[in-house]
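Step one of this worksheet: look at the structure below.
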Amino acid sequence: MAHTQRVREILSWYASENPGVKSNLARFLNTGYLAGTGKLVILPVDQGWEHGPHRSFAKNPAGYDPRYHYALAVESGCNGYAAPLGAVEAAVGEFNGEIPIILKMNHNNSLYESPNPDQAITASIADALRLGCAAIGFTIYPGSAHSQGMYEEIRALSAEAKSVGLPTVLWSYPRGEQLSKRGETAVDVTAYAAHIAAQLGAHIIKVKPPTAHFEQDAARKVYVENGRSVETLRERIADVVQSAFDGRRIVIFSGGAAKGTDAVLEEVKEIAAGGGFGSIMGRNAFQRPKAEAIKLLRAVMDVYKAAAEA
Amino acid sequence: MAHTQRVREILSWYASENPGVKSNLARFLNTGYLAGTGKLVILPVDQGWEHGPHRSFAKNPAGYDPRYHYALAVESGCNGYAAPLGAVEAAVGEFNGEIPIILKMNHNNSLYESPNPDQAITASIADALRLGCAAIGFTIYPGSAHSQGMYEEIRALSAEAKSVGLPTVLWSYPRGEQLSKRGETAVDVTAYAAHIAAQLGAHIIKVKPPTAHFEQDAARKVYVENGRSVETLRERIADVVQSAFDGRRIVIFSGGAAKGTDAVLEEVKEIAAGGGFGSIMGRNAFQRPKAEAIKLLRAVMDVYKAAAEA
Amino acid sequence: MAHTQRVREILSWYASENPGVKSNLARFLNTGYLAGTGKLVILPVDQGWEHGPHRSFAKNPAGYDPRYHYALAVESGCNGYAAPLGAVEAAVGEFNGEIPIILKMNHNNSLYESPNPDQAITASIADALRLGCAAIGFTIYPGSAHSQGMYEEIRALSAEAKSVGLPTVLWSYPRGEQLSKRGETAVDVTAYAAHIAAQLGAHIIKVKPPTAHFEQDAARKVYVENGRSVETLRERIADVVQSAFDGRRIVIFSGGAAKGTDAVLEEVKEIAAGGGFGSIMGRNAFQRPKAEAIKLLRAVMDVYKAAAEA
Amino acid sequence: MAHTQRVREILSWYASENPGVKSNLARFLNTGYLAGTGKLVILPVDQGWEHGPHRSFAKNPAGYDPRYHYALAVESGCNGYAAPLGAVEAAVGEFNGEIPIILKMNHNNSLYESPNPDQAITASIADALRLGCAAIGFTIYPGSAHSQGMYEEIRALSAEAKSVGLPTVLWSYPRGEQLSKRGETAVDVTAYAAHIAAQLGAHIIKVKPPTAHFEQDAARKVYVENGRSVETLRERIADVVQSAFDGRRIVIFSGGAAKGTDAVLEEVKEIAAGGGFGSIMGRNAFQRPKAEAIKLLRAVMDVYKAAAEA
Amino acid sequence: MAHTQRVREILSWYASENPGVKSNLARFLNTGYLAGTGKLVILPVDQGWEHGPHRSFAKNPAGYDPRYHYALAVESGCNGYAAPLGAVEAAVGEFNGEIPIILKMNHNNSLYESPNPDQAITASIADALRLGCAAIGFTIYPGSAHSQGMYEEIRALSAEAKSVGLPTVLWSYPRGEQLSKRGETAVDVTAYAAHIAAQLGAHIIKVKPPTAHFEQDAARKVYVENGRSVETLRERIADVVQSAFDGRRIVIFSGGAAKGTDAVLEEVKEIAAGGGFGSIMGRNAFQRPKAEAIKLLRAVMDVYKAAAEA
């Protein structure tokens, strides 16, 4: 399929990369209901790792089977599906290439918690290739005492991934003993986290929708001095997108804990209005019955489609 | 031997794997008294490493000789035999291929104990191949401060094993400073441990039979909200099996400390009724005199056979 | 996109391969006008290497620019595009993933000719990955005194390609001092060439449409004894397809030297009627003006589409 | 399954090998109708490579599909199945471990013939492992000007195979410009070929049933001087078996071109009477309809069973 | 220095390459008297290797010292300087980066001549990096029986060079037993040679100015049929430039044996008129006294400058 003007424009931001990386990026941009719009809705299912199986799947038990999520991503028209090694292996041998996959490379779990969290690397670039994945995914915890080790890990993995044509999707989640709980989603911290991800060479950056809280006084001062308003979510989204190379990196936003349909759509409208490139939405999708989940995902996609056409 | 329908079905869950991995999985499923049923009884003898030789073998001194266990596994009709490097080396040169072997790759011992235990890697994939083993075995301690290092170790070993056609059997034993002693076998924690093993790409998962205790409040809440009853052992077994990709991974249960025949069979009946795939039974087997051990193992196998035929 | 029943069936023939290989095969099957039908029309442009630039492109000078062919393949709705390293590099950095690419790995040229021809390997698996290609292509010359060296070369390249999820397309062109010129396309020799390609592990096999000539007496005798009629082209196509694992490998047919539209379509109808999986058509496409080429390619695709729906 | 006395005895001849090699040898000895007898009947299907697809499969067209042969080997109760890379890949992903496989590593074809034939290496040890094979197979042509290169190739492959626990099956077929056509199966040459294979470290040696012809005068003289009678086939079989380390290597005999049932059984009785370890029978099996083939193979196995029990 | 429009356009043809390769290409395009014009004049001094020192340097003995050529290239305003390992080592330690260097990687000499010539590889990519070179140079002999080996050598070297950001300059000189002496510079053969270089992934292609001779009948026929006139040198230059991806690869022309100033300039005017990108001029430069050489080189550059401005 010939690229749309918008896809071509987005790819031009990654001119340093080899055609393999750009072609795989294009696969996400050209898949599903939002194909060609430059917007992305991705289904991520790694909550079993993070919170345990029942907290993730008891509500909609179909989700215990990893094939359910793969099929949900395909049927709802998502641009991609992100999952850990085991879940990808459990589904992909049956489906083989129905949707681009992000192989999530590192994980944490809640059986051991630390004020300075870290993640274990549980997959390799060779795994991504043999499983036919189109990108790797990786979480960093800016603010953790272990964050620098994580930056070095992704540097190595990302370099290897690029050399074989795979782009990198970075989950940038601030956490650590010097950050308050509220600070983890503060607008200044979220903008900083997006910037760090961009500087690490990420092609797609995933952050949480930022709140109006400021964590760092030095940052707050700059916002005030320069008259940067972050009162509305759309302003804060724009603030974060600008922080990732002036909007020349794809920044998408996570949906967070499960909530009502109206709340989800309200948030997505703000993300779209602020120039966000899309959503990566897990629990709000797979914890609903399938028909409802597809309906919600389509509604979310329609918001982005309208924004792309505006 | 042509595969039974059930063996074919189980192998279909591992469609991402190469034929080598699936063929070796099939060797376990097609060996011994339970051949073809899709059920497994495996004899593991690594207690000498864990608890010292006399605590393990004084009761039935024949067990000081590793050949005893190999022969016991063969004569009783087990599907496989699991042991550390030294014990495998001590027996396999004499017997050469009478039963599929799981080479247990890492071990802990009780001369040094830590609230956050770890294991030493004491064998390699090359060892498994030169000794003619059909799988590797590995222990993880979800909950230990060292758990992430262990996940990274098994990721590397398992990838190498897969590339040469060897499946991975994961012993998933929660332990660590943030877990209570009761929590190590709590139903929520055991389900989580089985899920982590599945996400790490394990082909066979070994956990302990779970108790009705809950360790994590957030998990307990989900059980209650979703009406998940875990009063009976069979319910808890079903809960754990579901947590491993909705029953599409082979989950087997350890026998734990030595106990009376009735107690063993009672527990096994519940495991079978809950959809467990089998037992991995060490001390309850090798600490009995050989004739008794064979009698007990056959009784256990008969329970699984009956369940498979039901 | 969820696979059609037919695509799923074709992929099932490659059950030994990892999901990467199958996913990339699926990319060809799910691209273009014939997406989902199980039929393939591929544009190959390596004639510059084989015959020199002017013999290839003077007729339609737009073809001197490799971007022309890439765009022609996309616009005409081909399933894929095959080209040498230089031509891929010259186009793919601009287009990045608009169509699956077969990187042709070896080439011969007509500045040095031998009764036992060979080819030079001019690209690597690393090239295929960095350029975002979906398969490798390779020519063998069964019958050449150098054929065994070529078999060993593709064995090594194909093994490396499979390990990183790339399928192999084999051009199987009999040539050599013990073959007559007519023998190169004899039905017995073509069937043999297709079989050798299948035994080498090829996923897609390209041969020339066979003539009714027999080259080997021992083979002719078998045709006669077993009542195998090869009078019509469709019978000969069926004969060749059967030789490639009873039709369980994708066999496509080259278009050969440029000819009239009616002659092309007549041949394609016979290929389709004989169960051929498609055409790989170079000179007949790119030596026509673009509009005519697209019209012809679409007409060819319509023949295959009708056959798929029959 | 505990080894029989005879299997244990045979394995004792290979005491230098690691348990992996011996365990895989034991898999062949413990599989099928002849399990435990120390006798072997193996189905080899590489004739498509050697003679072309139609000369091999036209008589019984079910054989165009490689799955047919795999299933035939299983259903008839063979000890093993030998095939080239492509044919193994085409079947094993569906069947996964129903019978031990010999991956045939090198091949010749009849599109180019030479007075000093050679073969191309078309598979690797890594292929054997990922496909779950239990041995590698390799052809040498003692007498060919290329024979020494072939010896060096198998030396390297066999060493690698042993290091990962795979035994080597050698097809030892004398051919070359200094051998007469009759000489290729002369008793002195066949005995010499078996000895060379043994000296190369083969675990199983495949030769053709020898004729009473002598090719080398120096050899004939020794037979006469020492009163070695080779009038009957059973004497010649004994002569060849003795040449392979005094019967301490497994020597099996090929069935050759298709012939009548009585002729096949007559020959097999002589092989068994001479102490041959079994047959490797291709065309006489797969060119018959399946029911007939199974009947013949069982009759052959009954001959060996009777010999083993005698 | 910001790139000119023309430099930017030329670099856009190499969009598949990493920024390192493009930056080094840009260094040549932005150096010397022709900086920014898109035209190149390069001084190559490898004639000592090819013809021996005295045939090369006796006329102007200053040239025995490799520093002379380096300085000549700098002072005359060349875009680059090409030389073998020894000559580069002898000059570069003194000058260090005054001009971009092409490290010529392979060489032939006239102490051994063959109808099918080959070259020895006498430098490595590591040499190019440690010496601060901006490109590698390599000769291929299309038409030689050794040509396929040379293609495989440059494939490997070029891939390594690209990975460290170095572009490749290919000297494409047809020679071999099936080519007549006149054929080596025939227009059809030269066009073919330029095309082969482009397909091998060359960034800059060096060929000899073609004559109006045709070597291959099949090619001559195409010229005639398509009305391609090659009477004038400028037509032939255009013909060759078109053969290298329709003018989207930099093609430069060698000056050949020493001749008079008028003859040189006459030829250069035709090259420029035909769309050639420049000259690589050795003996006509360094065999003249320095002042004369600089005068001639400047005159040549003025021709190209005028063409660029036209």
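Per-chain numbering from 1; labels A, B, C, D and E assigned in written order.
One rule holds for everything that comes next: a residue touches a chain if its C-beta (ideal position, glycine included) is under 8 Å from a C-beta of that chain, and two chains touch if they have at least 3 such contacts.
Computed from a predicted structure; not experimentally measured.
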| item | value |
| --- | --- |
| Any chain in contact with chain B as well as chain C | A, D |
| Path length in the contact graph (chain B to chain D, fewest steps) | 1 |
| When chain C is superposed on chain D by its C-alpha atoms, the rotation angle in degrees, nearest 5 | 70 |
| Same-residue or different-residue interface between chain A and chain B, half as cut-off | different |
| Label of the chain whose CA centroid is most distant from the centroid of chain C | B |
| Chain at maximum distance from chain A, centres defined as averaged CA atoms | D |
| Length of the line joining the C-alpha centres of chain C and chain E, rounded to whole Å | 36 |
| Interchain centroid distance [CA atoms averaged], chain A/chain E, Å | 49 |
| Distance from the mean Cα position of chain E to that of chain D, given in whole angstrom | 59 |
| Distance between the centres, which are taken as Cα means, of chain D and chain A, whole angstrom | 57 |
| Contacts with two or more other chains, residues of chain C listed in rising order | 15-16, 18-19, 92-93, 126, 131 |
| Graph class of chain-chain contacts, one of line, ring, star, complete, other | other |
| Chain-to-chain touches, reported pairwise for every pair that qualifies | A-B, A-C, A-E, B-C, B-D, C-D, C-E |
| Residues of chain E that touch chain A when the two form their complex | 15-16, 18-19 |
| Touching residues on chain B, where the partner in the complex is chain D | 1-3, 11, 18-27, 30-31, 71, 74-75, 92-93, 95-99, 126, 129-133, 163-165 |
| Contact set on chain A toward chain B in their complex | 48-49, 51-55, 58-59, 61, 64-66, 84-90, 92-94, 107-114, 118-124, 126-127, 131 |
| Residue numbers on chain E that touch chain C, as the complex places them | 13-17, 142-145, 147-149, 151-152, 155-156, 159, 174, 176, 178-179, 188-189, 191-196, 198-202, 216, 218-219, 222-223, 225-226, 228, 239, 242-243, 245-249 |
